[in-house]
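Residue numbering begins at 1 within each chain, and the chains themselves are lettered A, B, C and D in the order written.
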Amino acid sequence: MTNNAILLISCPDQPGLVAEVTRFLHERGGNIVNLDEHVDREARRFFMRVEWELEHFEISGKEKIVEIFKSRIADKHDMEFQIHFSDYKPRMALFVTKASHCMYEVLYRSQSISENWNVEVPLIISNRESLRDNAEPFGIPYHHFDINKENKKEVEQRQIALLKEHKIDFVVLARYMQIVTQDFINEFPNRIINIHHSFLPAFIGPRPYHSAAKRGVKIIGATSHYVTTDLDAGPIIAQNVHRVSHRDSVKEMMRKGRDVEKLVLSEAIRLHLARKILVHNNKTVIFD
Amino acid sequence: MTNNAILLISCPDQPGLVAEVTRFLHERGGNIVNLDEHVDREARRFFMRVEWELEHFEISGKEKIVEIFKSRIADKHDMEFQIHFSDYKPRMALFVTKASHCMYEVLYRSQSISENWNVEVPLIISNRESLRDNAEPFGIPYHHFDINKENKKEVEQRQIALLKEHKIDFVVLARYMQIVTQDFINEFPNRIINIHHSFLPAFIGPRPYHSAAKRGVKIIGATSHYVTTDLDAGPIIAQNVHRVSHRDSVKEMMRKGRDVEKLVLSEAIRLHLARKILVHNNKTVIFD
Amino acid sequence: MTNNAILLISCPDQPGLVAEVTRFLHERGGNIVNLDEHVDREARRFFMRVEWELEHFEISGKEKIVEIFKSRIADKHDMEFQIHFSDYKPRMALFVTKASHCMYEVLYRSQSISENWNVEVPLIISNRESLRDNAEPFGIPYHHFDINKENKKEVEQRQIALLKEHKIDFVVLARYMQIVTQDFINEFPNRIINIHHSFLPAFIGPRPYHSAAKRGVKIIGATSHYVTTDLDAGPIIAQNVHRVSHRDSVKEMMRKGRDVEKLVLSEAIRLHLARKILVHNNKTVIFD
Amino acid sequence: MTNNAILLISCPDQPGLVAEVTRFLHERGGNIVNLDEHVDREARRFFMRVEWELEHFEISGKEKIVEIFKSRIADKHDMEFQIHFSDYKPRMALFVTKASHCMYEVLYRSQSISENWNVEVPLIISNRESLRDNAEPFGIPYHHFDINKENKKEVEQRQIALLKEHKIDFVVLARYMQIVTQDFINEFPNRIINIHHSFLPAFIGPRPYHSAAKRGVKIIGATSHYVTTDLDAGPIIAQNVHRVSHRDSVKEMMRKGRDVEKLVLSEAIRLHLARKILVHNNKTVIFD
């Protein structure tokens, strides 16, 4: 595995941006292995993801690349940009409550050689003891925090301290049945991934399968999104659906839904880890 | 093609209903060719669709069957039921505005031998002249009604009169851009089929593709439903979806959506014509 | 949970079968909770699945029900039939090789309370040591059999002996990379479930993803089926698909395929456990 | 609508190709509005589609652009390339036999303002009279050629002459029930689009729905592909599928299949018209 750099750009659109960026990399010995760009015509905004091999690249070190790219290219085009190195293993914290399917799926993939997720999971956090035994075989410390209305803010501060201590890069809410507060979200902007068990924006809030059954829909779904302070309204990363019929009770919908949930959440994590997501204006650009 | 009878039943659940109904038909020489039943456990309600050949059936005539079935079976079990004969061709009125794709699809199928829809389309009604030329090759009279806020109630009365004159059984709103009033709906309870260009209950109301693009969903859809007085909230008959991405402008979403809309609407009409839909409690039971 | 009986029937079609069977059950106090029937018009064959509560049923014991149903109904209509009790927990043996995703999925579900699978898994059998550690947390004995061309028949005999010793009802090949012989199959007719990593009948045999990539298909799939002596040609139970594009390397196809495989295999097992599958003429009737 | 140029490139992969091409266009005043590239790692081949506005582009005329791009860029990198102008309306010939659904769909779209297909359809060719009346409302000349074993080669020569006379760019076989010969194919390499009514490579050849029903598959499909001399084995452009069950007779499969066929064929034509397809090694790269 060679070490690659990944550059994500978001800026006002104008002619020549692709030519300029690719030339910058090419002239410094960067062999581009992936390039994807998108122009949002309506918003007149340009998005780009480019990945190149670092082996013969002239500039060494992430800070140096950031510095030079910023001064030569980014500043004059008012670019927001990020640079990631593929040999860094992002650190994920997994938040769970009682439902085990998403936790299992995510932990299984995080440890599967064939899935090849490039992730470190230093800890699991829960507001319940329920899944401690299920988590045990995966060998990841399980931290239980008792949460109630009174202590919520204080508990979250302790959680944040724990996450910082473990140098957590991003958080995954794997059917975590607590609404996280604005303070918590502010610590991880566009770095908290939630799975909501409905096809958003339909059935926001609790008990979406009950609402779906009551409405008599013929298709159910699940949505993974970055968490913002607006409940279930953050930028959508991935969605998928499953057919249902009048024969499906709420329980059957939940059964079918679990499979959708765990795959959609896994897809969002995979995209996040591969640095394939750009967020702008509460929407995602997914370069996959 | 033999002539078959179709019996649709909805009643409080209790043991022995299938045995009793099938025995009733069997003892009178009715050869059952299709039987489907469903019990809604939560609502404790029983639904059944049974189709039998009339050839050797002892009782002649729809009224007679209704009368005898009512007195022998239906009354004592508090059944709502309908009986339809397969040799009757239901009469459909098609309402359109400017978008041609649903109109074309429905008219094509209504005249296609292989689709074999068993329907009569005596007239098209529109609030615009736009599609008169497109409708012309299908040889169906096109009635234009100018509608505005002031004359809406009066125009609807004229429309109802026209529908009655043509003995219309059910109405299809094929992207008809007018909200029909309660008076109109009352004339055709569970007999007005609408296509809404979103995956309901998401994006109720006008311009759903614009809302979908704004929200950044990854899947769009379409929903056919019976019209009730609650806007876009009637019993759902069929739904389907299509993937979209950040690359899809509103226009592209509309393009992908049109294919979903026309197929979903056609599916709802097919099911309605085949007497495969039962409505209870604002939801459909689809025996297909 | 009440104990229910499930009756599966396959016989030449003729009028009155549903009436006769439901009357038989109803008259003996059997409250029918599910009934599904299907007539294959071309083959003139009748299929039925009926489930009833045993609580107030007059006849006690499976053997007695079999005996009386056979003499009163089955024999005169040339019926093949099976009767199952819902309180019996079928015993499954899991065969694996190197790929872990299907094994994990099946074991997770077999132990998940919400999946509620009603199954006992007394043992895992493998031709490799590879997955012993992965299986360990599930607490199920892992039996390794070294297999080669020379000892294959003899090893299979030992496997069969082991399966009999553990009173195994059915076998699941969860990406087991050995072709089982006719002798083995004969021991478990329509009771060996395989997952093939292609959309059968396309890409029979080994390395289907390589073949799919070479052919340039735009959709890949997976197929679960009962194993017969004809390779990858047994009765299909479940299939599903996933979109691919020119961007997907063989490795990417494998990644997408794994998710399809594990869900399709799980679906087949669920249907098998719920006694919802009838096999006739190398095809399945799925009453779900 | 501005006039854009579209450049399609296929060549051996090497570093710097994107930079070089985008720089070439940018330096000559070409504002790039779409860029998509793909590297087939295994085949070590580079593919690119780039679209730019001609308004301020220095080089005038397609021949001139071809000439300069060839001498400056293409030759030294061993590129195969095509250049298309978006203001040219490709001319399509439609071949049909008896089934009307694909013909209707294609003609409807070719004339629909919202579909905006940018195509001219100067003629329909058929080996039957069956669809003459159906084609009539679309106002396109319908040419009937009686074909049999003896006259096939000679008829094809007359068809080719007719196509040339009408300056036909590409041919669409819309459920045309004749196998076209090598001579015919050679006249339109990668410019004959066929719709096959199965999920290729499953069920090659005639009567695929009968084969699908016999095999008991749970999903059927349709495939559009460029025609090569190897029957049903040309480069696949688009595929889609539909669920079926034991309840679906061959006739029902055909009904469900028709909807898939007509949408898949339309998708292939749309992609072809938009110059979004590159063919290499009997596979397609679809830049959509």
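General observations
The criterion applied here is as follows: contacts are C-beta pairs under 8 Å (C-beta built on N, C-alpha and C of every residue); 3 or more make two chains touch, one makes a residue touch a chain.
This structure is a prediction, so every number in the text was calculated from the model and none was measured.
Using the mean of the Cα atoms as each chain's centre, the chain most removed from chain A is B.
Repeating the A-B interface with over half of its contact pairs identical by residue number, the matching pair from B-D, C-D or B-C is C-D. Taking shared numbers over all numbers used, the chain C to chain D interface scores over half, which places it in the same class. Chain A and chain D have centres, each the mean of its CA atoms, that are 38 Å apart.
Taking the mean of the C-alpha atoms as each chain's centre, chain C and chain D sit 42 Å apart. Multi-chain contact residues of chain A, defined as those touching 2 or more other chains: none present. Those residues of chain D whose C-beta lies close enough to touch chain A in the complex are 15-16, 18-19, 22-23, 25-26, 31-35, 37, 39. By the touch rule above, chain A contacts chain B in their complex via residues 38, 40-42, 47, 199-203, 215-219, 221, 235-241, 245-247, 249-250, 282-286. Listed in rising order, the residues of chain C touching chain A in the complex are 99-101, 104, 108, 112, 114-115, 136-137, 254-255, 258-259, 263.
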